[in-house]
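Per-chain residue numbering starts at 1, and chain names A, B, C and D are given in the order in which the chains are listed.
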Amino acid sequence: MGSGMARNLLRAGHQVAVFNRNRAKAEALAADGARVADSVADACSACEAALTMLADDAALEHVVFGSDGIAVSLPNGAVHVSHSTISTALARRLAAEHKHRSQGYVSAPVFGRPEAAENKKLLVVAGGPADLVERCRPIFDAIGRQTFSAGTEQWQANAIKVCGNFMIASMLESYGEAFATLRKADVQPSVFLEIMSALFGSPVYTNYGRIIAEERFEPAGFALRLGLKDARLTLSTADECASPMPVANVIHDHLLSALAQGQGDMDWSSIARVSARNAGL
Amino acid sequence: MGSGMARNLLRAGHQVAVFNRNRAKAEALAADGARVADSVADACSACEAALTMLADDAALEHVVFGSDGIAVSLPNGAVHVSHSTISTALARRLAAEHKHRSQGYVSAPVFGRPEAAENKKLLVVAGGPADLVERCRPIFDAIGRQTFSAGTEQWQANAIKVCGNFMIASMLESYGEAFATLRKADVQPSVFLEIMSALFGSPVYTNYGRIIAEERFEPAGFALRLGLKDARLTLSTADECASPMPVANVIHDHLLSALAQGQGDMDWSSIARVSARNAGL
Amino acid sequence: MGSGMARNLLRAGHQVAVFNRNRAKAEALAADGARVADSVADACSACEAALTMLADDAALEHVVFGSDGIAVSLPNGAVHVSHSTISTALARRLAAEHKHRSQGYVSAPVFGRPEAAENKKLLVVAGGPADLVERCRPIFDAIGRQTFSAGTEQWQANAIKVCGNFMIASMLESYGEAFATLRKADVQPSVFLEIMSALFGSPVYTNYGRIIAEERFEPAGFALRLGLKDARLTLSTADECASPMPVANVIHDHLLSALAQGQGDMDWSSIARVSARNAGL
Amino acid sequence: MGSGMARNLLRAGHQVAVFNRNRAKAEALAADGARVADSVADACSACEAALTMLADDAALEHVVFGSDGIAVSLPNGAVHVSHSTISTALARRLAAEHKHRSQGYVSAPVFGRPEAAENKKLLVVAGGPADLVERCRPIFDAIGRQTFSAGTEQWQANAIKVCGNFMIASMLESYGEAFATLRKADVQPSVFLEIMSALFGSPVYTNYGRIIAEERFEPAGFALRLGLKDARLTLSTADECASPMPVANVIHDHLLSALAQGQGDMDWSSIARVSARNAGL
């Protein structure tokens, strides 16, 4: 994800220093004009905004709170923009930490796969104080096709992100249940796929529906173990908000069952296999 | 639904006799060229195909198996085309009954609201022996924008229909859970609606999302008590196929709870209120 | 079940005529003093009370509404006492039918296995008009250890019966989930069994817990396919009462999945295998 | 809980130093022969075993890892025995920390209310290296009626504890669903209570059944917010073990909904109100 975003920032005329634990990945951006930083601290030094795009809470915590991390390296008045899909709890902790250090913090998770990042098609959901979000707008304009204001609390953007992922996961799970029932009824999966394409008129339904109908779960577009991580984030936000989400439980349980049966590295749409198995298929 | 479909058949040049218990409804079609029949038997006499569009299993059973019903009135060799959303069990019973009487039977449930029926925008899912479905194709072409072949067993079309309705209901339930959580997080519903519109690019998500975000559940586009009936049909097909559908259970339970709390005549998207209530909203 | 109940009626001094489609089963009771009837009608003729104990709704409907069934054979003023586990809907239909024919009807489902029937240990739940239930009390005293008055509507007794079975099934399902988690945690099943025995101090927990801990699902004490039938009865009562029962859904789905995977003839406590499988065991 | 346990240790002849943030609670034990410690460190000094009984993970972490906490104060070779209901994750962390400091650690959660603690009726589930558990046996014999060996990993005892609590919560939830349905069927709750008492023959079913039948949810025997904490612990153990527990999800969601509706300080059996509300009661 990060490299596509960085390239679009460069194309938009921003000066970009990049850091990745895997230096080769960072160096691939040098040709596009990026400066390759030697460390997180180096990347942050003298910047106006530090953008992070990491796999999970633990990775981001390490990069922010570690020695020579963003918290201690980011100049006063600069902004940390977190694009990662992280917990609402960590977003609140980051907001407090950066405020305490007279730095800005904006949560700006994105919807879209790596291709979307490459093609400037991301949807950006930005949360934080209005003036801070406004200051970061050139960044969002450079990387995405549309930016949405989540609210003045940073974690609200993360709440939206996990709820949005839940909406997609819910479609996958429902597809899985419907396809399992219809396969038991000897209906061709391709027929149901066509009908759902016509009914919803949504590329998301068409694309994922095809993967499930054809059971093409490898290679993974988005690994099931990451989908499970997201399901956990949804449930933990639901818990914080005291808002029960029973469909999110079903999703979590089926992803967990898929993991227990060795599907962690398949595409998360292989959640459909759990319903198939439960139907004796 | 029926009147829009009848009008499109007339427009396509078919001869149509119409019957409705409420004679006024039938007479409204006389101006468009329909013959107003005095009874089910009268409507069936000498026809090539009898089309039924009724509220539920009980209504269709009455019209087919009642004295002077379709079963005894339809000429040999003619076809009964059932467009209603009925149980797979009833579809199998109808297939057997009509076969026994040397009549044809095709299940052809449709996706689309009354406006879609009026505007020839229905999606038609046809199940039955291939030659029979082929013979009925002019009917489907007249009333819908696209026809899909479900399979050679009539009830397969009904299985697809209830699974399709399940996909929509699942979207409503998931929206309900997400909106409840986000309202507890003080996020504006309109923001999430906009993001989901952009993410799914589906008119179904945009339209239903707006109804739920704005809580405009009256007047009902599709009454919750009918949605509950459909949820029961989904679960009974799932049970027949020995294919557990946990999300369908959540939908059923939330519609049932909504009914118990007086929402039977609201739009079925008011299922979202159950999640809101469970979150203390 | 029926033979144990008949023997206890004979022991209590009642005159008993017995009928079973399998005549050998009926004849086994002749030595105990029963008259072996040639037909349902013969068994009913000149009796004060006709007791039925059958497998399901369909079997009871056949015996009551079939030609020469109980409805047409039972003398005026006599009582039909239904001990079967049937739907609340059928109980209402039976009450109406018998009333219409000036016969009495009492629903008196029982809790207990065949051994309990043999040993007069059944729990009897009786529903119907108070005077009718009172008239049948000598029957209940003869077959069970305790009789409970469900209410003046017959179907209330059936509602209690399906809810009671639900309580047992819920224990089985919960055991299944707990044992699966603990097996993944490398805890000896026998340890958890012992603790639950001590905690609940209930023979039901101890006996079923042992079967699940030791995975002795064959031969079946109570076949899983019958447990699934009962789960359906619970859900249909819940639906009628507009009272969502999410745990009953889980039970239904896991029994259904077990059926789909070939466990129909195992003991219903083998529902635990579904949780085990979902955990990758 | 703690004071009953301390008193039973004193009765058994052990020397006991007690510490409680609320000094009055500790002083109440002085008359029974306890030494009132001034701090955690003081209580630990020169002891053979430090017993902790605290409300949750956070409280125990504070007491163990805080400055002058148990970790730094407990003598080499002494044992920390944790009786609290804590997460399996924290149990593993404690095991590692104490091992690192050449101290012993045993997880020994208990089943039973404060009265049971007072009357030496607790069930003790002990996890840890066999020799360590053996060394602590005089403690367990002094405070409980029976001790069970969970396994050689400390967290296994905590896994058993959260699964045991789940079994009780599952009974409460199932009762709630059954009572709601039966109230809609106009069945007297007291009738179902009596039948369940006879069916299960378990004081746990009788006592909790009575509270729910009579809706006596205040004062709380065990507060719903603590029950919710336990539900979270169950789910987090299930997640770690990759073992889906759908009934645990239902319990969690209903407790969460109860919390959102202001029932946090009622008895946890008031989970039954959620099912009643969902049924429109």
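For this structure, a couple of remarks:
Rule of thumb we're sticking to: a contact is a pair of C-beta atoms (placed from the backbone, for glycine too) under 8 Å apart; a residue touches a chain by one contact, two chains touch by 3 or more.
Everything quoted here is computed from the prediction, not taken from an experiment.
Steps from chain B to chain C, taking the shortest chain of touch contacts, total 1. Among the pairs C-D and A-D, the greater number of C-beta contacts is found at C-D.
Remark: chain A and chain D have CA centroids separated by 38 Å (rounded to whole angstrom).
Between chain A and chain C, the centres computed from C-alpha atoms are 52 Å apart. Touching two or more other chains at once are residues 238, 242-246, 250, 253, 257, 260, 278-280 of chain B. If you sketch which chains touch which, every chain touches every other chain without exception. Taken together, the chain B residues at the contact with chain D in this complex read 246, 253, 257, 260-262, 274, 277-280. Of all residues in chain A, only 88, 111, 123, 125, 146, 148-151, 153, 155-156, 159-160, 163-164, 166-168, 170-171, 173-175, 177-178, 180-182, 184-188, 191-192, 194-196, 198-205, 237-238, 241-248, 250, 275, 278-280 touch chain B in the complex they form. Across the interface of their complex, chain A is touched by residues 232, 238-239, 242-246, 249-250, 252-254, 256-257, 259-260 of chain D.
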